[in-house]
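Think of it as A, B, C, D and E in the order they're written, each chain with its own count starting at 1.
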């Protein structure tokens, strides 16, 4: 089994690409850079495909298949191997990442064609692929952390790709630091894991947790800490703030990193650690709540944004919320499923948006677009499909995955109706702002100066990925389709081993299946499956009414509900609040109290003060030598009498 | 009897040689023309070398001399070496200085030699009045030497102060001797010890005597509170004389102090321990702190030598044989580095000792690298940097003091800590000179003058010694231990 | 083990020998002074690599030992390396050529003196690491001061004299008290030889107060050197004013003297006191981590900023040492090496900027990525290693420390982990202000990118960073045995059959203890 | 023949010594200060003689000779210094001699 | 026998009086004469203590030679009365009082120290023979005696150096 025995090849390819482009790309023509970058990723994808083939040949007891390469850290009881593993979850992630990644690479060759630092861009992009693949293939928490931080680094580099723009550089920094705040939790979580299980290998941990019961407090702490990391990485409340800013990066970056892959790492991690989470109900609840609230909250912000990419950004945050909701209610499979479909349609949305921006010559404000339908048909159609998908219109990928999530929230192992309501509300808003986006962009009259901006369809290498992704946005969800008619959710079945192997005895995902096959529930299920669809359609209609039927109503509402409107428009002022709460006080403290206060004031005060005291006393002591012989004689006399008296005193003390 | 007395002569041969050479210089002086007077300097130097050889002879025939008035033991030999080497280096440093100052006279060298002889007696004396004579020999000649630059008002004044206060302190010392004599009926150091141990309780007279002698001796070794005159005299005296004053008499007087305190009063150490402690603390703080604010290098070094007397007292306080050894080693190290430093200052002072300010040394590191390196070495040694004599001096001193904490309890540990802190305070002013030499912008007006051969030889010897004692102190320290054991300690 | 009875002496005094060679040169013959200095330091590095060949990593005892009488019967010329000092020696010999190379053009006046002091420092530093006699140790310890003092004072920047004096007095104050402690120890044990002292000082053999005082005296000296939180204020001044090479050596090696001393003397000699003081020291270390990071964040002077990061990073090391378990201590040692390389590299970068613009003021930079992409990319890479980004070296040490510390003290480790966040903040913020955005100062537009010489330096450092990031076992395996020795003295495993004295314990024993530590640690997961 | 206790002589010598000290500190003129030193030495001599008598030894008397010799030597040098000062300075008051201080 | 007592007290009074006069008189010459008075009365006391030879030396060398030297110098430099400046506060407020304290204190301890009072009036009286004295001096104390010769040489040199006018 060529690949399975050499998993590292999958990582080596993009790394090599990154290295080659980074070192020599500067002097090479674009075509060479392209072939290296795209080539390496395509090869990686093919390797993954081959891997899947070999994987299917594995016996169940060989899964997860682990490959150890070298010992990376060893100190006392603490030992880390650089080891990779493959199981169903990995396979899904690998396919998604490498496939979408490949398409976006191809797309970028068109999108970035006229940018400076072309080689740099692709080198970073390949490097990102390397770290992302490491992340998903990691067989232990530390190696996973390598990928985890690595993708963060690449996102930092790529967001700040146009580093001459201060906003871009700022955004990159913000992204890295905010996620680092989450990583703080993640790190401590890993520490606690090691302290608890004495190992950081997934299999070892899972075996341990399955074998002997660990105190639920510890588990809950672990899970919540790890989830903090996920919050940072996957831009959930309250650490989501970096993602919208991250849109400063080139659009393919937004598509790949900030929609399809990196931001979903959190979800992947939670799913990966499911044996722990499943045993920590409270943590699960937290995950679910955070997910649901984020899903709704960011959807509300999405309602009023006018920057096309910002809308998509908030929608991403919201969709990630759904994935966590899924994990939180115990249906990891649904979460991963949505992760995959989302990768398709959100990736597509971004690429399409990029194509629009490309066509508009860099314009991102939807208020300055409109009526592009006819001018860029391919972009329009693909984007429309993606919108249908994300809005959850039946038949499209998003429908199945989102539907499964809401269904799990309603009747899953740990269902919770409030969360379901939030989810549904979010779904409604989603479909509204997505169609708002589409209508504003492609319908109505052009709101831009047609003499200056010559709208043109993007080149092949950009449109082809769009089309491919569009196809997947439609059919990507159909693995789960049979379920609706009482069949089997192949996707869930495929992943089942991962989530059942170490699952706590009571929460068998199997019984969900069993339940779903029972016919009366199927009726109910169908009925309630309707709800999301209905709200989705409602959203569509409202959007249509507001932005096509009577375009001035939104302004009227904006006037009447000015307060709310501004609140939403300014994203609930969260950035400002953070600045006021954390950033400025900390800087002030560091500058005035710690630096000038403690360092220069107290400590150096003491140091230099003592020096000053010494000099001063020296200045006094030198006056003993007044130069006057009589004084000198007096000193000698004082000494004489002093010492004689001292000696006699001691003498008296001794004698008597 | 008389023959026996004559046979004793080789045990005081060093003094004999010094005096003879001195007299020779005096006799030749009138017949030597002004141009050739510097040869008298070389003659005196030769005399010191003879004396050194004689010291070796005396070492081979150790024992008591002149009815036990003189005890030529290893201890005395050790100090003879120190004293004579110091005198020799001082002489080498003087030759060209006197030319420069236009006071090239035979008497100068004669006085130096007589003073050295006096110190020799001081180091070897086993009887207080004999020691007193030796003390006076060295004192009176140094009164004169201090005033040797008669044209310089500072020199006159220093001489006057030194003379008056010196005699004042001497009177105290003498009164102390009288008391001891009264209390014990003898003035022999070892007999006093016997008498005091024989007596039921140590008599008050003896204690008062100790107190009064401490005044005289303390004055000579410049420790607080008798240090007041020190800086003035050291500053006012011609620098080569300062070189001598700061080194040899201190060593010799410390020798007498050791004999008196450790032998005669060895049984009363719990009495004088506190006196030494207090004096040590005062001395170190006054010396170091006052030195911090000096701008005149000569005066700064004077204060520093006060501080070093304080460190020596720390070892002195140990009141054990190890303490004696530490004091001896420290004296050796101290003499070398102090003489070295003052000799460099002698050269840099220029005609009329005009360039003595720290600021005058600005940029010297570039102009006279070798000389600067030498001075830095001496300063760093005074500062107590490892691999220099000064460090090992402190090292052994502290070691001896801590070793004695079984006797004196925690007090002496604190004494050592205070000493340690002081040596950090001291670091500052030594480094200030280095800063001026290396980090400061060179002053334009100063044109460096070549170092005369005699002086450079002296400086090299001192530097070599400082390094030798710093890196391979073993031999000397062992010798110091032997010397310490040669004393009939309590 | 291979016995090369003079290898350590050669390694220690080779630089001094080359100083003699330099002295023979005419002082205006800059070219040859530089060449010979570089050649000598490279040769030194090559020779020091021989240590690895014969080093027996399974052996906890000191190796390549040399033992000669020196002064009296108590003081010996006793050299030797073990897993703890081995790599610190290599670090020194590795950084010195770099330091020489980086001052190739930036030093103009008194070149001879500069390289001489650099080489003298090298000898002194190596001497500190290899000497097994407290007297010898102290001699080298003090000898490191003077050349560094000259370096700051003669070739430093505006406030150099203040910085130099502050540096030397601060350090001397600590070390002089250590001298007293050493002498006291001699009074108690009658020897200056480290091994003999360890033999005679079984845990609890000293009166409690005495042990505390001795520990305090030693620790003060080391803590000032490290520098630990309240004693750190000499560091920013010294670094800011020192020439680049000075900063590299100062940050790269000299600070390690402190942590090394703690590990070599404070902990094994006075285990009870160490255990008793550990809570206090741990807290100080954590304060240092956070404090240093926060203050670094708001610095306007690039070099000062880097200096403060050292306070933060060394806090990690001290924390690791006082966690008293194999993982943390090995992490601490590894972090010493990392810090040496990474922070050294940061100072090199800052120095290269200084050579071009003669300022450290961040406001004077900005947008430098445009004129000098190469230099800035390396700068970023180094910054990333310093902010502990896996898989670079900084991460390894920091994480080992965290893991090890966590086993004993959850809260400590959690606080310390926050340092990672802060490090990201100050480094990236600073980097952005320096490198990103439009070029703000006209002068900067025309700055030349890294020269070949600078590229060689930067590539070397980058490779070292990467190598140490992926190949940590090559280092830690050699430390393990020695480290377990130290650990054992502090908390002897209850079932230890033989007395916890140093020389010659085989690997199996140490492995056993490692497991013992683990066993002791893992049930403690719940917290203790 | 004598009925006077030795201690009386000692007290007298103490008084004279003390007066000498007072004189030294009190007088300003170099030469009179010098005289007060002589006074102190005389007190010492008295003490020596008294003690010699007390111990019925001759050593004490021998010491007196030495003291007198030393006193003479000091006198010679001291007066020479005084003359030198008189040559170079107007006043002979020690209080006016303070070029060197601090 | 009352005579010795009278002599002692008389001389003691004269000595102390002379010392006080030395202090109080502003004219150096008067001080010198007062000092001579002290010396003479001390000489008498030496006689009383049965040390005639010492007494003689006291008169001849001390009062005779040394003090004459003093008087000579005073005359040579025809010194004016000393001005009672008080630049030295410490001397005025500490030195002088302490000196007086010293008198009382030393006197007290010398009077009351057991050793001193044990001496009583000393051993049986006959004047010390000069022969014995010289034996002591030239045998036992030969070395310091020789040393004093050097001392005098030093003094001679010193006087030469100091007093000689610059040529």
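One rule holds in what follows: a residue touches a chain if its C-beta (ideal position, glycine included) is under 8 Å from a C-beta of that chain, and two chains touch if they have at least 3 such contacts.
Bear in mind that the values here come from a model prediction, so they are computed numbers and not experimental data.
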| item | value |
| --- | --- |
| Each chain counted as touching chain A and chain C at once | B |
| Set of chains whose contacts include both chain E and chain A | B, D |
| Most extensive contact between chains (C-beta pair count) | D-E |
| Chain of greatest Cα-centre distance to chain B | A |
| Innermost chain by mean C-alpha position | C |
| Euclidean distance of C-alpha centroids - chain C vs chain E, Å | 72 |
| For chain D paired with chain E, centre-to-centre distance based on mean C-alpha positions, whole Å | 6 |
| Chain centre separation in whole Å, for chain C relative to chain B (CA means) | 44 |
| Whole-Å gap between the CA centroids of chain A and chain B | 78 |
| Shared interface positions of chain C, touching two or more other chains | 169 |
| Residues of chain A whose C-beta touches two or more other chains | 611, 622, 625-631, 633-635, 637-638, 640, 644, 648 |
| Chain E, residues touching no fewer than two other chains | 87-88, 91, 95, 99, 102, 106, 109-110, 116, 140-141, 144, 148, 151, 154-155, 158, 160-162 |
| Pairwise chain contacts, counting only pairs that touch as defined | A-B, A-C, A-D, A-E, B-C, B-D, B-E, D-E |
| List of chain E residues in touch with chain D within their complex | 1, 4-5, 8, 12, 15-16, 19-20, 22-23, 28, 31-32, 35, 38-39, 42, 45-46, 48-51, 53-54, 57-58, 61-62, 65-66, 69-70, 73-74, 76-77, 79, 82-85, 87-88, 91, 95-96, 99-100, 102-104, 106-107, 110-111, 116-117, 119-125, 128, 132-133, 136-137, 140-141, 144, 148, 151-152, 154-156, 158-163, 165 |
| In the complex, chain A residues that touch chain C | 71-78, 142, 145-146, 149-150, 153, 156, 160, 163-164, 166, 169-170, 172-173, 176-177, 180-181, 183-184, 187-188, 191-192, 194-196, 198, 215, 218, 586-587, 589-591, 594-595, 598-600, 603-604, 607, 611 |
| Complex contacts: residues of chain B adjacent to chain D | 129, 132-133, 136, 140, 143-144, 147, 150, 153-154, 156-161, 163-164, 167-168, 170-171, 174-175, 177-179, 181-182, 185-187, 231-232, 235-236 |
| In the complex, chain D residues that touch chain A | 21, 24-25, 28, 33, 94-95, 97-102 |
| Contacting residues of chain B [partner chain A, same complex] | 160-161, 164-165, 168-169, 172, 201-202, 204, 207-208, 210-212, 214-215, 218-219, 224-226, 228-229, 231-232, 270-272, 274-275, 278-279, 285-286, 288-294, 425, 428 |
